[in-house]
Amino acid sequence: MGMVGGGRGAFIGAVHRMAAALDGEVELVCGAFSSNPERSRLSGADLYLPPERVYGNYEEMIKAEKKLPEGERMDFVAIVTPNHVHYPPAAMALKNGFHVICDKPVCFNLAEAKKLQKLVKKTGLLFALTHNYTGYPMVKQAKMMVQKGKFGAIRKVVVEYPQGWLSTRLEASDQKQAAWRTDPKRSGAAGAMGDIGTHAENLAEYITGLQIKRLCADLNTFVEGRRLDDDGNVLLEFDNGAKGILFATQIAAGEENNLRIRIYGEKGGCDWHQQEPNTLLVRWLDKPTEIYRTGVGKLYPEAEAHARIPAGHPEGYLEAFANIYRNFALCLRAHLAGKKPPKLYNDYPTIEDGVRGMRFIEKVVESSKSKQKWIRF
Amino acid sequence: MGMVGGGRGAFIGAVHRMAAALDGEVELVCGAFSSNPERSRLSGADLYLPPERVYGNYEEMIKAEKKLPEGERMDFVAIVTPNHVHYPPAAMALKNGFHVICDKPVCFNLAEAKKLQKLVKKTGLLFALTHNYTGYPMVKQAKMMVQKGKFGAIRKVVVEYPQGWLSTRLEASDQKQAAWRTDPKRSGAAGAMGDIGTHAENLAEYITGLQIKRLCADLNTFVEGRRLDDDGNVLLEFDNGAKGILFATQIAAGEENNLRIRIYGEKGGCDWHQQEPNTLLVRWLDKPTEIYRTGVGKLYPEAEAHARIPAGHPEGYLEAFANIYRNFALCLRAHLAGKKPPKLYNDYPTIEDGVRGMRFIEKVVESSKSKQKWIRF
Amino acid sequence: MGMVGGGRGAFIGAVHRMAAALDGEVELVCGAFSSNPERSRLSGADLYLPPERVYGNYEEMIKAEKKLPEGERMDFVAIVTPNHVHYPPAAMALKNGFHVICDKPVCFNLAEAKKLQKLVKKTGLLFALTHNYTGYPMVKQAKMMVQKGKFGAIRKVVVEYPQGWLSTRLEASDQKQAAWRTDPKRSGAAGAMGDIGTHAENLAEYITGLQIKRLCADLNTFVEGRRLDDDGNVLLEFDNGAKGILFATQIAAGEENNLRIRIYGEKGGCDWHQQEPNTLLVRWLDKPTEIYRTGVGKLYPEAEAHARIPAGHPEGYLEAFANIYRNFALCLRAHLAGKKPPKLYNDYPTIEDGVRGMRFIEKVVESSKSKQKWIRF
Amino acid sequence: MGMVGGGRGAFIGAVHRMAAALDGEVELVCGAFSSNPERSRLSGADLYLPPERVYGNYEEMIKAEKKLPEGERMDFVAIVTPNHVHYPPAAMALKNGFHVICDKPVCFNLAEAKKLQKLVKKTGLLFALTHNYTGYPMVKQAKMMVQKGKFGAIRKVVVEYPQGWLSTRLEASDQKQAAWRTDPKRSGAAGAMGDIGTHAENLAEYITGLQIKRLCADLNTFVEGRRLDDDGNVLLEFDNGAKGILFATQIAAGEENNLRIRIYGEKGGCDWHQQEPNTLLVRWLDKPTEIYRTGVGKLYPEAEAHARIPAGHPEGYLEAFANIYRNFALCLRAHLAGKKPPKLYNDYPTIEDGVRGMRFIEKVVESSKSKQKWIRF
């Protein structure tokens, strides 16, 4: 793996590295960790990389690695830069024969995402998008329960993602994360909706197997001087007629990272909180609610395959993130060996999820400006 | 107190009686418990009432009681019938000089509510509406914290009321509660939104002290053959610019009576679940979340005045309901004595809340049918 | 009902009155609310009692009431005084033909309890002891699940009762509750163990149907100058070989009234917290934990008979307390009518529970002073 | 790092490897993964190790690695075998100049532990013991709060460790974990008390900074045919006069790995559950309970240094385990460079903890057999 971005002071780069390292299936061999060559160099040294494989920028890295003999050069690129620097390295990597794993949202706008989609299709290379919340075992359990019809037809979905860290104008200080995420030139058309709303959208579609058909959005900017939405409420309609609510906010003072999804079907439903991810509450029409737990009882193999340690030994965010990496690595290994991907592990978000996410951003922004109630997705 | 409705097999009548009895401030002295005189008679006997004060219908009761000497006759009427039988006995009671306590929603439609509002104003009699959820101590604590500015300006309100008991077509069996609540002739223009959506609306306005200014509603009927909405999602805008979400549903399979409200302000916010009503979570921008509890530490006097027993001795639904009765009784006692109502206890929902609730029903129904996004409240 | 104790400023007297009033089965007709006749008189007036039936002391009350015609005089006495004033009024009431409902622990010491036991047997009168925690519906559900063998043989019981209100020397201020409860002349041989440890002991034996056979206790007094234990830890052995832990403490700073019991059997077990009393967690060997809830699904009739309102409408401490009163009243009604007690409601703590509680107090005090590990119960 | 044990089918070996890999500070370079050379070889291949550094047994590994040039050979040995195979490789590694990280409990018996203690002292090499629960950020926060006197003098400690996985005679099937842990020849003098009771003891002493002075234990074997205790209840007395309860059980049907500790002091206390490890409940005498969370507000630097990702991104068991490895690695790096260990990271369990753990095992076994109440630790 070669990394683009993620130098000193970044948040998500370190997450990608820990996720990649956890299972011993991926090795970081090179990187262009910053657009500042000196910072890139120092970051590489922190990571015990040989200096000759720490590059000043991604173009340099892709070119240099391509020249290395197969087996020695990186197999894929991990892109962990701000949104506006996703497409260029991803496209260049694909064009040069490197597989890609990319942070979300996939691009700066829908047009870029569609171009990338074509490129992935054309090259036949693997492309993973780190919508990491789908990597949790209990999310997979929920998905399987829906798929197997345990809850009957789905009627209602409530997905919410409250955070509070942007309750004040943090971007006015020199907080790097806040700065780029609230900057329309780097983040894209939406703020909270792009950053975390897309996670909520992706999670809802992943678990239910449904697609959003129409939506009605109300985006807000509560913090004075902020240039992108920091809050949004959305009514949803899914392709099977189910209705829903999605909200994402970064001004919910005191909230941490409280992604939650509730799904209600004819016969039962489920409830999952990211902050206590090893628990899935399962409700039934006329019997007691059950507490499904990672490692307890008979979960679906799809869920069990994504847990590492016995019941009661909590796994968290990094393990879910590592599931994306591990699955990508196992599928890549199969791909390189000319084999079919391993069934239970052929499960990670792809460019298709990326395109839907970018469309979601476009549509909520469009809807929020419109006087019309429903907008087709 | 004389009761209209609440005979054998009814649900809310017994609740009113227990709530009235709890604090020893109210005595049930007569009733017209059913439109069926025999059932009324039997119900009265169950309650150890003297037969001569168990009436065959409310008209008879009001007339007969009026003839009794003051001090002996009932002081007020409690109306616990289905919605379409709220206005007639309430109006007749007021016209005959009796105070009224009435179950919610206050009437069958907005027009009736407005007529009642005029009548209350004209007679100067007391009128209480049992939006009982505002009777909880921790709801009052939340209200006071908002009022005292602890959370700064309110930005976002999320109020939800999921139930699951109408997930199937229960009204097709002979379940009395389901039958009238899903019947447009008895329930009014809305189903779930009228029954429980109005509780959510009332609670949000009560705690925040704000009023809904605009809304955008999507009402649904998921159960085939049902004649009223059993689910609804609403975007809200409050008069201070705060935004919100309200949802109320009776098809959330496995949910009991899970009213919850979250309020987010500039500096903090709070989170209250009706199913664990003695707890109020209080979140802050940059310090640990606090668990406020009935009876613990320094609550506002307005909250403390509505708790009866020490910390850790859970009070519940009936106690909150009893707070409405107790406050009404204390204010009535003051009224009868020509005194000012006692400050801490002069706090119960009135006809004004009733009118807003009926307008809420009208507006969500109107909005749900409209292609326009926002409807003025 | 005539009440002994419970005048202005008392805690438990008001609880008994609310519990008695809730279901409309019991009427307070007279009282001797204080050993101070003036305070008794004022307390009676607060309660709207006719002055002639407010007595200066219990002896006076019992004598005067006995002279009243049957049907008019009180049927039973409720004793809500400090522990050292339980036996005298209880004995006098029984001797004069009045049934008794008494606060816990039943007496000042085991000798008194045994005398009372004989008197109850001899008179054939009804005697209820308000170990109110056994009145909760989910406690009854737990008891039935054990009884029906759902959990297999019971192996381990963990019952705990932490409070924090005596963390400081509150008795040195003029807090009435603290004063008598820490006074060996009024409270008896034990402090925390008598006040709340007996509740824990009673609950464990009630739910499991087992009896403590041996124990090993370590009682402590952490607050300087206090004259009775404020904390205690006890190892238990039950008559079937199950082992257990009981702890009760009043110096657990920040704890409210956190009675909890966990029961583990061969095939499963359960977990109940008094502070969230409508929930019973049920654990199983190899399937998900279930959340049993008051009003949800198929509970045992014994549990359902003790709930009043639908699922999700929380009932609390007063309702559980009222279950003791309601059951006692229904059994008394049957008794007076010469009928058998109603099966589902013939369930309230009796003098037998009282004797076991007093023995528990004696034994933990004895054990705590002993160097020997196990003491026979 | 070279690993002893942890081949295919083992549980804790994989945990150690993931913990070591997470932060990129430790590289697995060799191993003797099984006493079966073929299994060792296959396990090494699974881990992409070069075949020449996969050894048939630990003696071979230590000898061969010692011959490699410095910088190439392993720096330390990680021992993840059953208890009876801790001492031999640890002692040999130390004698040959290798640092050691060892799974708990440290040895088969106290005598071995003391010998190891001397060896560590004599060689001056680093020795870490993976009492991993002390690696959680909120455990460190709790420790600091006690140390800084936030809770005043500690009065009561309740530490409990219920598991349910040995509720049946699992060792009679071919479950490897159950087999050795219930075998006195491999596990040592205690079963549950050795396996998990020592974690509880270690955690209590770590957080409080106190030492157990006396104890009174009751060990039980509930599953027929089992050869070691599967349950135990212990009364504790600490060196400052605080009292406590410790229980550890593996027959608590339905429990996962529910380690919990509550600490009560004069002014407040805390409550930590391993299954929701990012939360620390903090109780106070007369103000609301606070929910301290990893990443929220101002935690002590000692806590913050052991979290990797922002608030609301849950970290779990592997991250806490990785903290032991990371700290050990940083201290080892400093040691090798002749520097002082980095202050915030010089915090991992050592041979001293190991000796106390082994003494704990000896003492609870002794106490359980004794008729005397208290046994000196």
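The chains carry the letters A, B, C and D, assigned in the order they are written, with residues numbered from 1 in each.
Keep in mind that, in the parts below, a residue touches a chain if its C-beta (ideal position, glycine included) is under 8 Å from a C-beta of that chain, and two chains touch if they have at least 3 such contacts.
Here the structure is a predicted model, which is why all the values come from computation and not from measurement.
Peer 1: Counting C-beta pairs in contact, does A-D beat A-C or the other way around?
Peer 2: When A-C is set beside A-D, the one with more contacts is A-D.
Peer 1: Counting only C-alpha atoms to place each centre, which chain is farthest from chain B?
Peer 2: Following the centroid criterion, the farthest chain would be D.
Peer 1: How many angstrom lie between the centres of chain A and chain B, each centre taken as the mean Cα position?
Peer 2: One centre to the other, that is 43 Å.
Peer 1: Could you grab the centroid distance between chain A and chain D? Build each centroid from C-alpha atoms only and quote it in angstrom.
Peer 2: Those two chain centres are 34 Å apart.
Peer 1: How many angstrom lie between the centres of chain A and chain C, each centre taken as the mean Cα position?
Peer 2: 55
Peer 1: When you check chain D against every other chain, which residues touch at least two of them?
Peer 2: 255, 289, 293, 296
Peer 1: Show which residues of chain C lie in contact with chain D when the two form their complex.
Peer 2: Going by the criterion above, the answer is residues 151, 155-156, 158, 160, 162, 164, 167-168, 216, 218, 220, 222, 231, 233, 235, 243-245, 247, 249, 251-255, 262, 264-269, 283-285, 289, 370-374.
Peer 1: Which residues, counting only chain B, touch chain D once they are in their complex?
Peer 2: Checking each residue of chain B against chain D gives 282, 286-293, 296-298.
Peer 1: Which of the residues in chain A end up touching chain D in this complex?
Peer 2: Residues 11, 14-15, 17-18, 21-24, 28, 47-48, 163, 165, 255-258, 274-278, 293, 295-296, 308-319.
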